[in-house]
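Structures incoming, each one as structure tokens.
You will see chain A twice below: alongside chain B first, and alongside chain C after that.
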Partner chain A sequence: MPIGVDEWVAQHTDRRDAGTGWRRVMYTLEARVSWWPRLLIVFVVGLLFAQLNLNSNIEQVAINSLIYAILALGLNIAVGWAGLLDLGYVAFFGTGAYGYAVLSSGNIHWSAIATIPVVFLGTALFGAVIGLVSLRVSGDYLAIVTLFVGQAFMEVVNNVAPGTLGGVNGLFGLDPINAFGASISTPKGYYYFALIVLAVLMGLLHLLDESRTGRAWRAVREDELAAKAMTIPTSAVKIMAISFGAAVGALAGTIFAAQQSNVFPTNFTANILILIYACLVLGGAGSLGGAVLGGIVVTVGEQMVSSPTDAGYLFYGLILLALVAKVRPWKVLGAVLAATAVGGVALHAIVHAISPSATGGSPGSAGWIGHLVSHWVIVPTNATTYGNILYIALIVAVFAVVRVRESLRPFVLVPTLYIAACCWESRLIVNPSITAQILIGAILIGVMTARPQGLLGTLRVEVV
Partner chain B sequence: MHELIQTIVNGLTTGFLYALIALGYTMVYGVLQLLNFAHGDVYMIGAYIGYFVIQWFGGPTALSIPVPLLVAIMFVISALGTGVLGVAIERFAYRPLRNAPRIAPLITALGVSFILENSVLLLFGGFTKSYNTNEFISFNTGIHIGAIDIDSVQITIFIVSILMMYGLIQLVDRTTLGKSMRAVASDREAAEMLGINVDRVISYTFFIGSAMAGVAGVMSGLAFNQISATIGFLAGLKAFTAAVVGGIGSIPGAMIGGLFIGICEAFAASYISSKYTDLIVFGILIAVMLVRPTGIFGRPALQKV
Partner chain C sequence: MAEDAAPASAAPLLELDGVGITFGGLRALTDLNLTVGEKEIVSIIGPNGAGKTTVFNAITGVYTPDEGDIRLAGQSIAGRPPHKITDAGIARTFQSLRLFLNMTVRENVMAATYGSTKATPVESMLQLPRARREAREVKALTEEVLSFFGQRLAGYRWDQPAYSLSYANRRRLEIARALATRPKLLLLDEPAAGMNPNETHEVSEVIGRLRDELSLAILVIEHDMHVVEGISDRVVALDHGVKVTEGTFEHVANHPAVVEAYLGRDPEALAEA
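Coming up: the complex of A and B.
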């Protein structure tokens, strides 16, 4: 209860949000259930998920989701809670992975029971050193310095001590996670391990969030000067935030390295950093559940793009979702969809009548989507150049949709949707890895523009 | 001795490139307080535009127009193309976030950079493309004193860069637009109240900054031949270093910072080891930031309470 607000007035938002009927039940449940049963539910769902008969591909995606979720949790400490823009976070992930790699291969071969704590504490120390930097520089300058730390890490593992760090070729043949003679050898084992780590971490981080330290972080984030005036030791608090985040990142790194049984410098590039940021930002910076959700969504999404069947679901699903969310009223939405569908089929028929080879290619989507769109989108036999032109046209069209007057928007939207579909079927889906990155970039921009607080985050007002 | 001079010449070549890119960073930071991470990719796209201009006029071995004209056309088209791109990026990605929390435009900038880089990968493939400069600009033209070589590409880079920097300083110091830019940089809200069209000034700033990055892209293609979708990131990062070392927001700072980084890099490459060049550059940056967090020419930001 904010001080100085009448109780009944203060509860107004709650009452309004609660609604009636079924929604009210959900809302009260959501408000009443404390954090640990929720965590338990997430954990049990995770356990049950592993009981399904999964193929190795899905298992790998599940493990990666958990690793990214842990990474996003770590990044959340510095960025979401303490408001320190740490662009060198990927270096901590890398330090964890390389630390594990060096200590559990070659002629060292420590047991994981020793390796993981050493790496964890070592990276925390490394993080604390980087945290010292945050005392000298703040805001954007901190972002720059940490970005360079990340790049410097890449340079170090690429060039320094190739005997120990493996240089460009990386390190391989790492021991699996092992203790007292037993070791984790199957992907499912790593899944359970990562799930337990994630659950424990979420619990601890939740407690940390509600502790004095957590409040201090948020105070520093909102106003450092005011926090200092309230006798919060801002320096120590900032160092702690970066150091804790680093340790969590390192933990993810050890699991990553052990599960892959190899590490390469390319695993820790700026692209991975952006991916981790995408997880955090999508889920909502500052929210634990959001970080985990973001990790899962981004990893699964990236995986789906590379499969011709699933990519279709993802692409058309996202478009439909965006349309349903953004286009009002329903009549306009219906008209836009109908016009796109009918117009596309008509255009396809006309082009086919004029020149059969212009529609001679087959859409990139597999399965029923591919079948469905084959008489709708125009895909020529040799689609590369055509697809490239469409891609540029698509960028211009999206630009037009955003810029054009409200009343004209539905009319611009129809060709844009059609161009998007044609471009997707003829070009984008053919290069899944590049497409995935473009989509991640687009998601970052879209989320920041439409919902800066992310899916589960809470909007905060920045005091200037 | 001649090795020393040669190193300085080479360092100046890259230094001018970094300085031109750094100017874009610094100008944008000046008016928007935004770290435009996509700027390095604008430079990369400039290099690609130059490449396609060469192909358009018959390719490096069978040019249909004289070489000086070709180079001039490359600079102009690339500057226009990247300038428009820069304005579009600002309009599309940054303007909606003008009043959002500080982290939002930064992450958007990362997203734009990601999209640009991967779009080029998608459209033109992941292979490096070559300008094949020595096919149409002979190495023998230029100045050769003893063992010191300053080839004509380097001379072009020096002259064009100095002209552009001079032009920029004149623009910022003498024209109305420059005055509005300075007004927006010092206090956006007050500038708006005084009737300055802030949006337009910001668009112009992006245009000029991106155009200079585009020219730098063409220069890098001419000087180093190899261009690929990934050159933007590292060049952008180093130009960034330059802008920061000089004091971000300061125009002379960006120029001197760029030359400084270029020369440091050349010395590191020829006297220490080319393997550690980047590491040394990053080390310098971190050291400068820690000793003087606002750079050499930057003024410490006043914190308003």
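Coming up: the complex of A and C.
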């Protein structure tokens, strides 16, 4: 580049992407540190995490996080890279798990050193067949065809071969992962095993992404006709994407089956498929780090919302986080929080003076949160109808916050926050199983609105 | 360039022999004969809907001819899938740009080397010798091809996504991507469309350089008659899927049937009829 020509322009995109503050620090790190030291850091953090004195509950969540991270990595190949909307993916997870289950129980009892490669390659072949069958369709039609594959898998394990596959009762008493007489017997062992598999996969997939195959997948996603014209055999490349994804999904399935030591058809329903998609979309389709982060966030999040105490932390924590991130300047944020706190206490006092029974109920939160909010939120003795009305009011209020003029927003925000807290304490927390789904949905909507590309994804430009 | 028209060699590089294509009941191309010799620049002109892009799609395998044959250096390529035809040495650009928009400029070019590389996914994942050697070769080829456009597609843009490029640069990138397939024949579909006069002039220069420096034969569809006049060794005029005439630019531009196709019939002649 000649002196003075375009230097500033040349760096413009970097400057814009870099931003300021902590974003700049992260951006510089990303630009300076190559992929394998970063992977190593994540791996070491994973190892250190296991050194903490964890109870078995947390250990299980950690293992599930890793399994979902692996699943999301596999789904990313077909969906994130090749752009094929593969809704049959859960069948590959199931094939892996059932393959392991059949080969590690009953009369067979193979060693894992044989089972895992056989299941891995077998599912890759299965994926290739599915890919071959679905070559004629693309886009939405591919989604429909592959969705059928997932359903067909469920029907097969449920009905067709109940003798060998256990039907609705599933298969149990599976061997743990074992080779040469040694076996993995503790949850911590499975954690390490899954962590190593995940790290190795991430490294291999990163290299694959940068290879001719990875470029071919992305080229097919971007423009199939142009890819064909540029020497890429698109059919073979698409089959390869589904097949590779299937193999990775099967790998997750073997770890899952071995660790659970049993498999049931209900482990591989469409709900699980949606969860895996949530991991990928939330983390950022097309990004390896995003798929893994999504797997962890969704699994941990799902676990948290199913326990009322943790759900409370999540609920209040996320609201505070969103306020801190979105409400500027700081003075307005302080005013909103103060007004909500003071206004709530005042309202509580007034209502209590008028009718003691209207504040006769106790907040649903236990512990210090419950204690903290007991003189703030209004919870009547019989709170069900009141809670239902508040829930509808909350939806209206949130809608108002989104639609109202910028200058009025802080004023609408105050009652909205208060309604949210009252509704949470009187109604939502009482039905944790339903609230869990509402909360997960709300979080997904919030994150996808703020970052449509997912946490670590890159924004894709569709048409220019 | 039109003056020193290169004589077509004995065995033409590309030969369309009585090619016909029908869509349903519609005849898109009828008995089309067309040749392009080594290092020859041939332009196809004709009004909208004349079948120009259909010719390109037939040559590159997007459509299979219903009649006739298409030969590259004497070998029939009709009916082969598009990626095989590109492997054989025919690369193209698209009238409505079809870049891999969400990939970087560099990756767009690298993607086009798929057919000329062999490393399997396993070799790539394990970084085996063949994968590493090919990666080096692809990198060198990419930089060589992109450097063809010099300052216009300068180094700092190579790692930016293709969607961030200007319109003219996207057209350049499409040519660069096509060059990465190492073609013998380049098909350019309206390379000057949407360009300003300055850029249009540059397009003419680039097409000349492609022939002179890279020894390519070029078949080009173009509406801009200044470009056609400036670059063409030979011009082929199409209308309604039929070759109207063929020859030097002067011959074709003054041919009554071409004038009629572009401007319609003489109104006085119509009145008399």
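Following the convention adopted for this analysis, the second predicted complex is superposed on the first by the 421 of 464 C-alpha atoms of A that agree within 3 Å, B and C clash if a C-alpha of one lies under 4 Å from a C-alpha of the other, contacts with A are read in each partner's own complex, and residues count from 1 in each chain.
By our rule, contacts are C-beta pairs under 8 Å (C-beta built on N, C-alpha and C of every residue); 3 or more make two chains touch, one makes a residue touch a chain.
Remember, it's a predicted structure, so these values are computed and weren't measured experimentally.
After superposition onto chain A, partners chain B and chain C are found to sit side by side with no clash. Draw one line from the C-alpha centre of chain A to that of chain B and another to that of chain C; the angle between them is 80°, to the nearest 10. In the superposed pair of complexes, A:M240 makes contact with chain C only, with no contact to chain B. When the two complexes are overlaid, the chain among chain B and chain C that reaches more residues of chain A is B. Once the two complexes are laid over each other on the shared chain, residue contacts for A:E406 go to neither chain B nor chain C.
By the document's definition of touching, both partners, chain B and chain C, reach A:L225.
When the two complexes are overlaid on their common chain A, residue A:A216 makes contact with chain C while staying clear of chain B.
This overlay, made by fitting chain A, leaves chain B and chain C with a least C-alpha separation of 6 Å. Residues 225, 460 of chain A lie at the contact with chain B in one complex and at the contact with chain C in the other. Listing the residues of chain C that touch chain A in their complex gives 60, 62, 81-83, 86-87, 91-92, 94, 98-103, 107, 110-117, 119, 121, 124-127, 131, 134-135, 138, 151, 154-156, 160-161, 163-164, 177-178, 180-181.
Within the complex formed with chain C, the chain A residues making contact are 1, 5-6, 10-11, 13, 204-205, 207-208, 211-216, 218-219, 222-223, 225-234, 240, 244, 458, 460-461, 464.
Touching chain B in their complex are the following residues of chain A: 79, 83, 85, 133, 136-137, 139-141, 143-145, 147-149, 151-152, 155-156, 159-160, 225, 270-271, 274, 277, 281, 285, 388, 391-392, 395, 399, 402-403, 427-428, 431, 434-435, 437-438, 440-445, 448-449, 452, 460, 462. Within the complex formed with chain A, the chain B residues making contact are 29, 33, 35, 88, 91-93, 96-97, 100-108, 110-115, 117-119, 121-123, 233, 237, 240-241, 244, 275-276, 278-279, 282-283, 285-286, 289-290, 293-294, 303, 305.
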